[in-house]
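These notes open a run of structures that come right after.
Shared chain: chain A. Partners: chain B in the first complex, chain C in the second.
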Partner chain A sequence: MRIVLLVEGGRRAPQALFTQCAEWGIELQRINLEQDDWTNELEKAYGLMLMLPTWGANAYLSPVALWQQYLQKAAPDIRLIMASFQSDFQHSNHLDILRLTDYSTSWWEQCQLVGHMEELPPLIGVDLSEKLSRFFAGHGQDSIVAVLSRIRLVVQMASRELSKMDTPYDEIYRDLVEPAELAQKWREWRNRWINYYPLFEHTPIATRLKQIAKQTDGVEAWMAAGGKDEEPLRDGSILQVLNEVRTRLQQIENQYVVQKLSHTYR
Partner chain B sequence: MIKARTIVVVWSWNRSGLGEGEWHIAGSNHIEDRVVCLDRPASPNALDTLTEVLTDYSRDGGEVMLFLHRHHGYFQDHLKSLIHLPLDDSHGQVQCFLFGEGADEIYLTSNARGLLGTSGTFTANMIFEGQQVESSAIASGERRELKASHFNYVWQAYRQALRRRIYELKEDVLATLAQALPDTVFAPGEVYQVLNLPVNRVLLLRLLSFVGRIRKHSDLAREIRTFERNSNRTLTFDDCGIQLETTHGQAAAEQHAVLAAYILRNVLAKGGEVSILELREKFEELLLQISGLTYHS
Partner chain C sequence: MSSKNYHILIVDDDTEFHQQIRYAFRRQFLFSGAVNEQQLFQKLEEESDFDLLLLDLVLDDTEAKKGLDLIPQVVSQYPELPVIIVTGDRSIDTVVTAMKLGAKNFLVKDDFDFDYWEQRFTEVIEGSKLKQENRELRAEVDRRRALENEAYPFIGESPQIKEIKRILKLVSEEPDVTVLITGETGTGKEVAARYLHAHGARSKGAFQAVNLSAIQDTLLESTLFGHKKGAFTGASRDMEGYFSQANHGILMLDEIGDIDQNIQIKLLRFLETKLIRPVGSDQDIHLDVQVVTATHRDLSAAVQQGRFRADLFQRLKAMVIELPPLRARRDDIPLLLGHYFQEPDLSKVMTEGALEAMLEYSWIGNIRELKNAVSYAQLRARIQDKKLIDERCLPVEILNSEPIIPVVMQGNPAGGEMGAAPAASPASPKNIDEEHALIDLDRIEKLLIQKNKVKKDVAIAIGLENTDNLRYRIKKHFDKHPHLFANFPTISQSYRRIVKL
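And now, the complex of A and B:
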């Protein structure tokens, strides 16, 4: 049996899809994108099937371009299969779920490998590739990275004053941290984060975003209190979290947002 | 020439909110755009006022979206009279929506780029994962300016609202019926049995609303509004046929009538067999008549 990984995308694939695939010699295996071990399954996979459009944040979403981009690097020799209820989806890798019996084993042979896939037709659903670009874009209120950078800059300066210059923290707090209104900036960050985070639940970056969410939860209390507590700044834990988050975001940006980098990390 | 865009919101502005009046949109690209706040409960006088407002703001091709709050006593019949105003061709398009008693994209609490906050304001506080976050559509309170991104989002969302809601209904109906695959044809009454399962209750209510079978103030109306509130999502099709006719033309309204009749006869009753493929085709034919994007990114 050939293994095809299945991303149900917040929906429930009909049992007939599994049965029909088995008849074609394909074993469909659901994967959990929140756990990073799913990437190990790619090596032995014949393909990856997306149920389209995916559902998240109260909307139908189109994550195909992100998956295509990811697989072209991670597993260019597998097939990216797009399964949907759309009858007018013109692509050799599209599977019409309502007409499963129209397909045969040979159809799988004719599917294009993701490394050589033809251009995707317009897809219904919020374009997550576009959303991700906006996530990183340095202008407008959509940019989450810009807000995080402003917070990080304050924390970095305060940390340096504290550890390198031996300035008393009450002075640093009064002159630098308090005027920076970290609690407000942090609310702004969270506000933007909640706009984006649920959208990418069924994409290859879900694991990394979950890690970021977990990390930022750890600095929540300090930020909400406006950075009054000296200790987490002195022991470097706040800056460390912000640096790690920045690194993860940079990795995502480098991998998926290849053009028009309008925001510079500081 | 750029057409003026006006959003008129009839809501509780006076009691503890910002009061009636006009707000402009920040940015040089939006000089002609505005949000007009009115606080007029439904009455013949209020309808006269709204007629004047719609006539006035739609002059010279101006486009207007009117939002009527249900708690102010507005319902579908009010939409009919306002949408069918006898305006000449020099007037732009007028669209009317009911909101409230549920979840609508115009609310900041439903959508971070909405417009309406709490208690007659453009600002809302929300709890997310135990944390309070504030969201505001105001760019400058002093200059009475709203953020362009919020205005644009609401404008786009409501312009596409029907197409999106119909598309989502199609997807959800097909996904539910597809669980019976490889069978693609259901015996008379069989689909209703599936829809009548508790797990499919919302879908059944959405279909009833789509075919216009949910009466104002009925138990079903209350039930679907509760689902809307709980899911932060608009599920009702209060004024579907009329909206389609005014915004997308007679062909769209006719296609809606064809699909609604099929659903009423075969899906919600024992009229005849239901073919999933035929049902999909009818949905797709309707969607073909509704121009524009389903979602904007």
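And now, the complex of A and C:
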């Protein structure tokens, strides 16, 4: 049996799909994107099937472009199958769930490997690659990274003053931290996170986003208190979390955002 | 210089960012802020001492990158003010565009790193200041060169001088041709060379003039071509020679007829290959120098006598400019007097009699002698409290403008008077070189007597810079023509260490 990994995308795949695949000699295996071991399955997989459109944040979503980008690097020799009820969608790798009996075992043979797939025509649902760009866009109101960047700037400056310049924290808090209104900025970050996070639950970045969510929980209390507590700043734990979050976000950006970052000094 | 003195203008619609940057760099820099385009130009109008502009690209709630439009405006209106972009936008297109428009660096807010940012601010400011200083220094060098050339005006409206100026202008368009300027001493050979420099393609380059006869033979090679540390005793460091200093410019070698065979060979090599080799070096250096040579000697005769290489002479005479003696262009004397008196209307500074005497004088020392005579006459007029220079203010040799011929001092030489008729020539000069030496020594002898043996006054009267030059001149005459000195007892007495009869 050939193994095809299945991303159901917030909906249950019909049993008929499993049954038909079995007839073709295909074993469909659901994967849990919130656990980071699913990537191990790619090695032995014949393909990866997306149930389209995916459903998240009360909207139909299209994660195909993100999956295509991911698989082209991680597993270019497998097939990316787009399964949907969208009969008018013409693509060699599209599987129309309403007409399963029209397909045969040979159809799987003529599916393109993801490494050879060209750009895709528009699908139903919000294009998540576009959303991801907004996620990282520098100045716009939608950018989650912009808010985090402003928080990190203050924390970085305050940490330096405290550890390198031996400036009393009272003074740092009064002149730098308090005017920066970290609690409010953190709420803003949270709000934007809540808006974005569900969108990417069925994408290859879900695992990383889950890790970021866990890490930021650790600084929640300090942020909510507006950065009054000196100790987490002095021991560097706050800055460490923010730096790690930033690193993970940069990894995502480097991998998925078409217009790459320019790191002027790295 | 402490970086605290640098004044930075931040332009960002995010006032919080202003405060944070001010706080973080408060020990390093002074800050002013603007939140939009209007405030930016207002600040720049009001204060001119900003050293750096930190410019955000997005200056309002829209996504428009107005900062990109501002870069060329700032760069054109305030070219000395460097711009660093500090923004949240990190797309490559934006970076490239900003840098092309004239930004000096591009910093992303999300990448904030105190040390890195401080380093960039300082580097850009100091780099810009360095460029500015370079520009100012270059302008100063150009200004000084222009002034220097102005200090050596090529004065003359006589047909001969007009023609020479015309030729020099034509030659100046050929920046690689070797020029030989001939003429009696004091005829303005350096002035002509500077005229060539000022009007030619090399006017932006250096002009170096060196009087070869004033440099000891043993030092000439290193003076011209430079030397490496340790090349000889006393060479404690590498030293550039005149050739290197004149790179991309003009090197004028005055008294070229006086150099020895060794230097002649090296000069010939340079003219043929444009290469020099400093003393003690094993490396050749390629230089772009136009060589202008000058001499009062007859180089053809020197070649015939085997004292000057024929091949070098052939190279040097690619373009020969012969400057006429002043007595051959007397029309220019009033112009020159007007220049040196700084008064074109000569009737305001001298009597007709004095002018007439100067017009009739033979000026064997040519313009240099005329210049010295003017200084002398001005001083005498002040001493005698005269408003106008009259004949009595003029140097005695002008008043007694008999042709100068060699003298043989008889009896008590110190008691002889200037202008006293010489008894007879010691012997007919063997050649033109000896004749010249005779004339020169005769003049020095007379002046020594006239100036009570004050060598400094004699040197000045002849137009030499100092007594060393006078001593060297006498030594050269003695080395070549020792037999002549029997006729010049004052010189022999004054220079006992040199003249050993």
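Basically, the second predicted complex is superposed on the first by the 258 of 266 C-alpha atoms of A that agree within 3 Å, B and C clash if a C-alpha of one lies under 4 Å from a C-alpha of the other, contacts with A are read in each partner's own complex, and residues count from 1 in each chain.
Everything below uses one rule, namely that contacts are C-beta pairs under 8 Å (C-beta built on N, C-alpha and C of every residue); 3 or more make two chains touch, one makes a residue touch a chain.
Given the structure is predicted, the values throughout are model-derived calculations rather than measurements.
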Per-residue contact with chain A, leading partner among chain C and chain B: B
Contacts of A:Gln20 with chain B and chain C, given as first, second, both or neither: first
Contacts of A:Asp175 with chain B and chain C, given as first, second, both or neither: second
First, second, both or neither for A:Tyr60, with chain B first and chain C second: first
Partner chain in contact with A:Arg246 - chain B first, chain C second, else both or neither: second
Partner chain in contact with A:Ile194 - chain B first, chain C second, else both or neither: first
Contacts of A:Glu130 with chain B and chain C, given as first, second, both or neither: first
Touching partner for A:Lys44 - first (chain B), second (chain C), both, neither: neither
Chain B/chain C common contact set on chain A: 140
Contact set on chain C toward chain A in their complex: 16-17, 19-20, 23-24, 27, 57-58, 63, 87-93, 95, 105-114, 116
Chain C-touching residues of chain A, taken from the complex the two chains share: 138-140, 143, 145-146, 149-150, 152-154, 156-157, 160-161, 165, 175-176, 179-180, 246, 259-266
Chain A residues touching chain B - in the complex, by the definition given at the top: 11-12, 14-17, 19-20, 53, 58-60, 85, 87-88, 97-101, 124-128, 130-131, 134, 140-142, 187, 190-191, 194-195, 220, 224
Residues on chain B engaged by chain A in the complex (per definition of touch): 112-113, 128, 131-135, 147, 149, 164, 167-168, 170-171, 174-175, 178-182, 184, 231-233, 276-277, 280-281, 284, 294-297
